[in-house]
Every structure is written in structure tokens, then in C-alpha cells.
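The following pair of complexes shares a single chain, chain A, combined with chain B in the former and chain C in the latter.
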Partner chain A sequence: MPLVLLDCDKVIPEREKHVYLKVDGEDTRDYLPLANVATIPGTLSERGCSFCGAKLVIGGVLKDTIQMIHGPIGCAYNTWHTKRYPSDGDNFQLKYVMSTDMKESNIVFGGDKRLYASIIEAFDEMPHIKRMIVYTTCPTALIGDDIKAVVKKVMAERPDVDIFTVECPGFAGVSQSKGHHVLNIGWVNDKVGQVEPKITSKYTMNFIGDYNIQGDTYLLQKYWDRLGIQVIAHFTGNATYDDCRSMHRAQVSVVNCARSAGYIANELMKRYGIPRLDIDSWGFNYMAEGIRKVCTFFGIEKKGEELIAEETAKWKPKLDWYKERLRGKKMAIWTGGPRLWHWTKSVEDDLGIEVVAMSSKFGHQEDFEKIIARGRSGTYYLDDANELEFFEILEKVKPDVIFTGPRVGDLVKKLHIPYINGHGYHNGPYMGFEGFVNLARDFYNATSNPLLKLAATDIREPEPKEKLEAAE
Partner chain B sequence: MIKTSNEKVKQLYDYVQERCLWQFFSRAWDREANIKNITRMAGEILTGTEPDVKTPMDKQFFADAKWMVADLKQRFDWIAAEPPESIVRLMSELKDELLDLAVTHSTNSELNWSFY
Partner chain C sequence: MGCEVVTKKRQGIINPISDCQPAGGQFAAIGMKDCIPLVHGGQGCVMFVRLLFAQHFKENFDIASSSLHEDSAVFGGKQRIHDGVMTLARRYPNLRILPIITTCSSEVIGDDIEGNINICNKMLKEEFPDRQIYLVPVHTPSFRSSQVGGYAECLKSVVKTIAKEKVAPTGKLNVFPGWINPGDQAELQHYFYAMGVDATFLFDIADFDSPIMPDKSIHTHGRTTVEDIQNSSGAVGSLALARYESFAAADHLAQTFEVPAHKLDTPYGIANTDIMLRKISEITGKPIPESLVRERGKAIDALQDLTHMFFADKRIAIFGHPDLVFGLAEFCVELEMKPALLLIGDDSTRYKRDPRLLAIKEKADWDMEVVCNADFWELEKRLKQPDYKIDMILGHSKGRYVAIDANVPMVRVGFPSFDRAGLYRHPIIGYRGAVELAESMANTLFSHMEYTKDREWILNVW
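Coming up: the complex of A and B.
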């Protein structure tokens, strides 16, 4: 079966190149959905913008850094507080976001002075914070505000502060993926190598592409601490700005999310000779494999086996309890991209769940190669899908639960299909051994809850006959 | 579609498809380095030769190869009885199949971009 033209796409047949149904005997040499290309006119994309990819996903996670959005107020609000990544820095990054609140006159006469004043005001209001990221947005990029020049001036006047600039307006790319890229490359160009970390262990690594969603980083950090491995920088879960300036000193970059941060891992390899070890941190079996590989890299396999044995003894019985009850359930994954390939085989192996449809908002073809290699035959694979396509696919595959974001989640709830927040989690963390039990629990609760079935039952009394006749 | 008719290579190939992220790194150059070095080291481990692990990159290849071998031994009983020359041949065929899929005939349009 080649690429699929859905009924709802007959008016926009170009969408056929973005929808694939896998059958036995085919692979990505035969069919690979188009991805990371401009959204086709006529389809209502659910993608985010490039600025959002830089700010919301990566930069905004840093726990000691003022986020200065140079643009209209909405660019700040709409990329603030919509992802749950706590920190041990008093959750500064969740509490605050700054905007230059550009108005019409600033657009007409230029916003450089307003940006300068805003940076000064922010540092003065928060004297304990000495780090900042300034982001350009669509209007300030269009009018050509020179944010680098403003930042240079501030840094010359205030030597104790350091500021990073991200020049990635919303229109810079086809999706939020461009923002990941711009921030990665900008950071390695401008900031990596500027700070020398205090080395406290023989074993040092970067952990790249984990954003501490509901405490993922905290959980994994416990493993690294028990193994005696110093994490020079998490990129960027629960990290400080200066941690990430010292990434050049790690012996290895361990990569979880290769989509949002594979770029910096590759650049660290090319520029500093730091090898890149890609692992899956979601999934019981995968996590064990990841720990084993990291420990082999450092020659500390025995410690790794002890850790895996302890965690397995603690969490495997719980996982198995859910596995007995979830075996044969059907799941759809409609998230950004990487979670499709991280999750499809791990839920199948660890929980007996069948993934019947997967949709990626911003994955590249590289992600679809991984997804299709790991995914089942008979499963649908979609790039940049829209609501009508979702409805049609749901009819075809009838999943028991959908892992997606709150917006699509509200949509499917109306169809009385439970959803679980696949971006920010329902009750995470989901990474690691304990995390996968949390995921299983949320899955079990979602599919066992009678509420959605009850909500679908019409309990109104039938209208009395006389009333109906009168109405006619 | 996989080209070989060798059932054992097919089994090894299916395993790599299911488990190994290193075959699908971002670009042709890093895919090629991973596939060639990891299959080579896996072959060495399976034939009882100690891989030469000197550089940080060697350590990464070794970490991936070691756990691939552990999995293969667990999944495929036949592998323990395979003579060394056969292991070398199997790994070479596996390497060729993986390079064909992930590099030579990959339809990923970003594979050879110099910028990424």
C-alpha cells in the first residue's frame, strides 16, 4: 500500500504525500512521507511557529535566565506557562516572562530603544538574575531591529550580565523545528566554550534533549548521581545558562530528543570531538539499554547493572500489573515527532499496547525513518495532519486512547475518546523506570474511567408527543 | 525492501530496525560512520576479538556494539554456534543492507545537506 489519499483530502490531493499506511515488506526506500516542508494551502496545520520552537521548547526552560521577547505582548503570553517544566531554581522560568510589548508607534519608529529600556528595567527589577535571552519575533525582524547591537551595548555597560540573542522570527521556517535549529546552532556558536565547569567526577557527560517535563530531569539525575556521573549540562531541563556554556568539557553527549537538539550534539562532535550516544529515556527496556550503553562508555558496567536491578525490582511488578490490564489496547500518538519513535515500540514491548496511528507536527524525514522502522504494519503515519484527517483516521483505527496536546485532546474528548497529554504529561514524569509506570497508570486510568462512556449517553427524557406536535 | 535472501541476515536486520537509533542519525556521513564501525565491532565481539577502543568515538561505537551483541545472543540461539568466518560474512552483509537503506537508497531529502 503506497501513500494514502484520505477522503477528506480529495480537494487537496497534495496531502497524499504526507500520509502513509505501512504494510509488510515495505520500508522507507519505497515510501517516506514528506516532512519538514511548508504546509499546503487549504490544510489547517496544527504546527507552532519557529520562534515558539526556540523559546517554549528550549530557551525558556533555563532556570536562571530572563526571557525577553522583543515583540507584541501575545508572543510572550502564548509561549509562557503552556509547558510544565519545573526547576529547583524557585521555578523562576515558570513564573516570569518579559515582553517589550511593541505597539504601532514602535513598529513605525523602530523598537531598539524600547528593547534597551526593557532589558535594563528587567535586570534592575531582578538584580539577582544576570542572564538573559532576547528573542526577535515577526514584527521586530521585519522592521530590522538590531537586537545584537542593543545587547552588545548593554553587556558593555554591565559586565556582570550575559545575554544570548535568538534571531528566529515565527516565519523563519515551516514549523517550530526551525526554532530548535536556530537556538542550537546559535548557542554553540556564541556561548559554548565560555565557561569552565568545576569537574567533580572522572565521568562527565551532557544530557541533551530533555526538558524536565514534570520532573523527567530530576528522575534521571538520580540515576546519574548513583552512577557517579557528572552531568556538565542538561540541555536544557533544570539547567542554568552557564551550565550550557560549559558543554565543551563533557566526555560524551547522551541524546534523548534528537529532533530538537541533535544539532548541538553533532556540532559538539565536529568541533570538540565529543561523541554522541543516542538513547531512549522513555520505556523500561529502553531505559535499561540506555544506562547500559552509558556505563559501557565509562567502563562502569557493574554499577549500571546494580542500578537496573534495583529499579527493576522496585518498578517492574507495578509495570506488569498494568501490562496485564492494558495488553491489546490501541493507542494513537499525535505529538511533535520524536515521541512517536521513542514510544511506539516501548509501549508495545513493555505494556502490550498496539500503536495504530501516529502523527507528527514538525518531525523531519529522519524521524519518519525511525518511526516507520519501529512502527507496526497496518499503522497510519501522518505528517502535519489536520483535524479532518484526524477524524477520518480515528474512524479507521478506533484507538482506545490518544496521546496528544490539550487542544487536540479537547477535540477528541468530544468524540468520547480519552486523551492523555503527550507533551506535558498528565501525571508525570514519564521517563525512566518509574516514569513508564506513571505513563501506564495514566493510560489505565484513562481507558478504565467510565466517565466518557457515561458522558456519551443521552439521559434526557424523550420530548412529550403533544409538545412535538405543537412545535410542528 | 531488504535484498538478501539469507534468513539470518534478515533477522539481524529486523533487530536493528526495531532497536538501533544509530542507523538513522541526521546525515549520510554520521550514519555511514555508525553503521560501518558498530557492525565491525559487533563482528569482532562475536568472534572473540577484543575491539580496539582508543578514541572517544571508539568508545561510543563500542557501547552500541556491545549491547547489540548481547541482544542478538539473547534473541538468536543460532548465533553462538556460528563459526567466525560466517559471523564476519553476516556482519558484512548486514552492514551493506543497512547502508543501502539508510544512506545509498534513502529517500530522505535532507541526508546530504551540508547545513542542518
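Coming up: the complex of A and C.
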């Protein structure tokens, strides 16, 4: 089957290259949707900007670091209170965001002085915090403020503080993906290698591309603790700034989210000879496989098997209870990109769920290679899908549940389709063995909601014989 | 004793109270029917604002982005505007209003919005000779004013662009409520029904609380139509209820079409609602019915149960939109509470001269502070001082952690309120809004007394 031109896209035929329906016998040599290219203006896409890719996804997770956003107030305001990544640092990263609150005169005369003053004020107001990331935004990049020079000055004056700069205005690149890239490379260039970690185990690793969504990091950390593996740095779930400066000392980089943080793993390999090991952390089969890979690397296979057996014995019966009830249910995944390939086969293998449509906001073609290889035939694969495309695809595939964000979730609610937060989760964590039971539970609860049936009832029509009851 | 008005001394912001202008422009624009705003800037300027609206209303709103990138930064974003307008027109056959909302990036680049609108109008006329799509320029650079100014700018520009000529008298009343919730609008509508007044809301946001229908149809959009806006020039008058968000639009209609502008304070509390109802009666000649006298009486009766027993002398901190903050401060005074700390979150100097503030200043025989250009750090720092007594906080959800960490009870009020269920449905203006809000304040205090074991036994008998 070739790429698909949807009815709603007749007037923007270039969208055909972004929509693929897989049929048996085809593989990614035949068709691969175009990805990571600019969005057509006015299409009501779901993409964000590269600034948020850097700040919201990666930098803002650090639990001891001031987020200083050099621009007008909106960039700080709108990216604050949008994430569910707790920390054991009193949730500093959720509570605080700072802005230079650029005003018109600063735009005209330059904002360097205002940035300097804001940095000094922030450290003075919060004397216990010594780390900061400064981000440029669209207007401060356009007027050419030299944030690196300002930061250099502050660091010269205050030797106890350390500041990282991210020059990634929202207009750079086509999506948040650009921001991931800029932050990754900037970090390894500017900060890695500056702090020597205290080594407490024979086995050390970085865990890259996990942002502690609803405690994912906490859950996986229990496994690494039981295996006796020291995580030098989580990049960046529940991590400190200085943890991430010591990444050069790990023996291996284990990568979960390859899209947002594969870059730094590659650089660590190139510069420090640290091998990169990619795993999937969602799903029973995948988690077990991931633990086996990590343990094989360290030669502690037996320990790994013990852990897998213990966790499986504890959680498999619960998972199977849901599997019996979820088998054959249809799921759509409309998230950033990597979760499409992380989830499509794990929900199929572990829970018998069929993923019938997937849309990626910022995945690259490399992601689609994995997504399509792992995904089913008869499934639609979309890059940067927009509202009208969503409606048309939903009509074709009729999913029981959509894993997506609140905006699309609130939209499809009207179509009687429940959503589960595919970004921040409903009631996570979703990683690991226990986490996948949580995902199964949330899926089950979403699809067995009695209101779905009531929603479809038109009370002007004749009354059904049986009362529509909550308990069936 | 007395009220001191200060301005934040720091240049930077630690935890913002207010959003930027484009967010306000977008909020106003979604109040119209068959309207999709096009935000000319980076994609984040739309995506996060849509998320903010989704968080508050648990609804999705259609807003488009021109997806401005590096090439536009160098060569200008003209083509992006043209593509955005034409793509929207082609894919949405019912589209009639298309506000083009600028951002900091497009304003710094200096794209000529009006010039591009002229070009787009020609393109639209050629391709769609039978359709009239109104392209509305909305200049909202993020480095000026705040969401409040953005709302005002969008409203004024929409009226200017669409209400082009004086229509025959409609007998209707224009209502400019400002940035409120569907619950507040329903309360206003209730008065107009009760008095037999035909009112047009600019903008009508009733369906921001929208149903799941058996036929799966989607109703989540504003309800103010092109005709409503055109007919605003023939109204019997304009009732503008938000000084900083809607007075400018009412003034424009008065100057251009001689529609009398009646500019009132937002009806928070009993006295402000009285003034509004009397004014509506005066404009329309319709009497205030007995039913509203009874409703007012019920409200005063309910408030009487709370004021001197529980509320008197409680020191309240309030933050958010200026019209909300000043209105609630007046309401607190009605309830015998002490508005002790007001935080206004942008750099406008007009707020210091607000008549509501001047009146409270006159009256204040308690310690009171007003912080202009404030951020949440101004609140947090004060709450951390052992002798700075605040009994309750009124404000939106972005301040939640300040209240949680300081262990001060907080009632969610204003925009955005995402960490409490369904607040958009409940009025806080008018008589019923006064009761709803006061009872919610009382119940929050009572819960706090129980959780902290602070004289919870008082409620053993009430």
C-alpha cells in the first residue's frame, strides 16, 4: 500500500508523504513517512517549539538547578506547571521557574544587563542553590544578546556557582527535537568531565533518556540497586546538575529515550569510549530483555535472572488479569515519537492490545524505521498529524483508547473515546514490571468506564429494555 | 496601619503571576464562532497556550500557528502568514474570522501584518469569491503589557475590523465581560433573562463548558458571530465590566458609532452587583424584578451566617488579574475580612490609580500592602516571615505550591484554575457568585481547621 492522501489533505497534498498504511509483506525499504520537516502553517499541528524541547523535557528536570529563561514572561509562564516529574529534592524543579521578563526597552537596547541582574538576584534570593541553566528565547536570540558573555562574567565573580547556557530559541528547527539536540551537545561540550563522582560499585552506568515521569526513575533505581549497579547520572530524571557533569566516568551508557538523548550517549562513546546500550523500559518482555542486556555487559547474568524471576512472580499474575480483559482492544498512540516504538509491541505482546494508529510529533525517520518494523499491518503511521487528520484516522480505525496529551484527549472525549495521558501518565509510573501493570490498569479502567455507554445514549430515543447500569 | 503600595524591586521574575500578551489575545479570540486564530510566531506560543486553556477548561480549542522558523527570522515571515491563512481557509469551509495574533518574534522581525492582510484578502477573494473571511490584525508583542493587555487588544481590534458601519438600532445591549468563566457568564445571562434584556456577549464563552453529545458533535467554541459583532454598532449601549480588558472596546464603539459606553467595575460582591443591576435598569428602562430582590436577600442572608462569626479580621492575600484582585478586595471588605496583601502581576502603572484601590486605601485601618509588577516570590518571601500573618490566599493555581509549603489555606479563583475540579462552571460574580465564593472560602477554612486541629471543635455546633 502506498502512502495515503487523506480527504482532509486534498488541498495540502504534500501531507501524503507523512501518512502511511502498512500492509502485509511491506517493510520500511518500501515506504517510510517523511519526518522532521517543517509543519505547514495553519494545519493545527500538535508540535511545540525547540525551546521547550530543551527546557521542559531535559533541563527543567534537574532537581537543584534554577531555570532562568531569558525572554518575555510567557516562555517561563507557559512551560511551568506542565510536567509530572517529581524529585527527592523537595520538587524544586516543579516549584520554581525564573524569567528575565524582557520588556520593550530591553528589546531595543539589549537585555544583557537585565539578564545579569536577574541571575545575581536569583542566586541572592536562593542562597542554597548554586546551579543554573540560562535559556535564550525567540526575541533575545533575534536581538543577539550574548548570554554566554554574561554567564562568564557571573561565574568569574562567583566561583561557587555554575551556569549552563542553552541557545535554542523557539523558532530554531522544526519541533522540540531540535532543543533536545542542542541541549545534549551543549552539555557534553561544556559540562561533562568537570566533576569526579565517588565510585561506590564495580559496576557503573549512566541511565540516559528517562525523566522520572511519575517516578519512573525511582522504580528503575530499585532494580539497579538490587543488581549492585551504581548509576553515575540519570540524564535527567531526579538528577542533580553535578551528577550530569560526571557522566564521563560510567562504564556504559544505557539509553531509554534514544530520540531526546541518544546524542549524548553517542558523544560519550566518541569522546570517552563509553559504550552505548539501548533498552526499552516499558513492558515485561522489554524490561526483562533490558535487564539481561545490562547484566550481560557487567557479567552478572545470574543476579539479573533472579531479579527478573522475582519481579515476574510478583507482577505477572496482575498483568495477566488485565491481559485476559484487554485482549483485542484497540489503541492509538499520539505522542512525541519514541513511545510509539517503545509501546506498540510491548502492549501487543504483554497485553494482547492492537495498536491501530500512531502519530509522532517530532520523531525522525530513524524513529519511523523502528515504529513500522515493530508495528502491525493495517495500522496507520503518521508524522506530525493535525486535527483534521486525527478525525479522519479515528473514523477509520475506531480505537478504544488513545494515549496522548490533554489537548487531544479533551478533544476526542467528545467522540466518546477515552484518553490516557501518554506524556505524564494517568497513574504511573509506567516503566518496569510494576509500571506496566499500572499502564494496564489505567487502560482497563478507561475502557470499562460505564459513562462511555451512557454517552452514546440519546434519551429522546425509546428507552432500552434493560437499565443502563454502572455495574455490568 | 494603612495601605502601602510598592513595586517589586528585582528586575527578574521568580515564578510569574501573569502570562504574556499573545496568551490573552488567544483567549479573547477563541470566544468567537467560526473563528480560528493564527498565531504568528514559534509553535510553542500556541501549543502551550492551548495546553493552558485545556488545563483550565478540560477542553480543546482550535488555534493555529504560522510555525515561524529561522528562514522567517532572516527573510521575514510573509510567506508563513499567506500559507497559514490559505491553508485554514481551504481546510475549514465554515471559517469566517481569522485573527492574526503577533508574538515577540514576529514583532521583532517586523513583519507588516496589515500589509500582509491586504495581500491575503486579495488571495481569498480570488479563490473564494463567495466567502467573506475577516482577517483581524492583533498586535500583541510579548514584551509589552501582559495577558490582560492582549485580551483588550484582541477585543478592540476585532470590533474595529468587523463592526465597520453603523447598523440600524438593534435594541440589544453589548456586554463586554472581560476575562471570566462560563459560570460567570451564566450568572450575567440569568440577570438579563430575569429583566427581559436582550444582550450580546463579546465574547460569548458559554460553550467553554461543552457537552459530550450522543451524536459526537463538538461544541467547544465561542458563540459570538460575525453578525453579533457587526450589530454591536447599533446597540442601545455597551456594558463594559472589566476596566483593563474591555473599556477600550466600549470607548471605540462610543467614539465611532455613538453607542453609549457604560463602564463599571466587575460585579464582585453585593454592592458592585447592585450598581450593575441599577445601571442595566437605567439603560434599558426595565425594572429590577422582585425575583432578583429575593435572590439578593438570600445572598446577604447566607453571607451573614459567615461574616462576623468566621470571616471578620481574617487577613487575605489576593493575586491575579487586576480587575479580579481589586474586585475581590472590595468583596473581602464586605465580608469584614482584611485584604492584607494584593499582588498585581505586570508593569502597568495604571493599577496604582485604580479607583477601587484608592477607595480601599482610604478605608484601610489595618496593615495592608499592594505589590505592583509582582511575582510569586513576593508572596512566598512574606509568608516565610514569622510575623507576617496571612489567613487565606485567593488566587489561581500557579500559586499552589506557595500555599502548600506555607500551609496557608487557599481558594482557587481566577485563571488558570487547574488543580480543583470544575471551577470554570461556578460563578464568582453577582449575588450567587458572592455566595459560592464565600462558602467555598468558609469551607476551605473549616477543612484547614480540621487538618491542623486548630479550634476544630468550634464547628461541633453551628
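Here, the second predicted complex is superposed on the first by the 454 of 472 C-alpha atoms of A that agree within 3 Å, B and C clash if a C-alpha of one lies under 4 Å from a C-alpha of the other, contacts with A are read in each partner's own complex, and residues count from 1 in each chain.
Just so it is clear, contacts are C-beta pairs under 8 Å (C-beta built on N, C-alpha and C of every residue); 3 or more make two chains touch, one makes a residue touch a chain.
Keep in mind it's a predicted model, so treat the numbers as computed, not measured.
Of the two partner chains placed by the overlay, neither chain B nor chain C lies in contact with A:Ala239.
Considering which of chain B and chain C touches more of chain A, the answer is C.
In the overlay built on the shared chain, the residue A:Leu32 is in contact with chain B alone; chain C does not reach it.
Using the contact criterion defined above for the overlaid structures, shared-chain residue A:Ala172 touches chain C, although it does not reach chain B.
Once chain A of one complex is fitted onto chain A of the other, the partner contacts of A:Arg292 are limited to chain B, with no touch recorded for chain C. Shared-chain residue A:Trp80: touches chain C; no touch with chain B. Put simply, chain A touches chain C in their complex at residues 8, 11-12, 38-49, 51-52, 68, 71-82, 91, 94-104, 106-107, 114, 117-119, 121-122, 125, 137-139, 142-143, 169-175, 387-388, 405-411, 413-416, 455-458. Across the interface of their complex, chain B is touched by residues 25-30, 32, 36, 181, 251-252, 258, 262-263, 266, 269, 273-280, 289, 292-294, 296-297, 341, 345, 364-366, 369-370, 373-374 of chain A.
Partner chain A is touched in their complex by these residues of chain C: 10-16, 18-23, 36, 38, 41-45, 47-52, 54-55, 57-60, 62-70, 72-73, 80-81, 83-88, 90-91, 103-105, 108-109, 141-144, 146, 210, 212-220, 347, 377, 381, 397-398, 401, 405, 418.
Residues of chain B touching chain A in their complex: 1-2, 17-19, 21-27, 30, 56-57, 59-60, 62-64, 66-67, 100-102, 105-110, 116.
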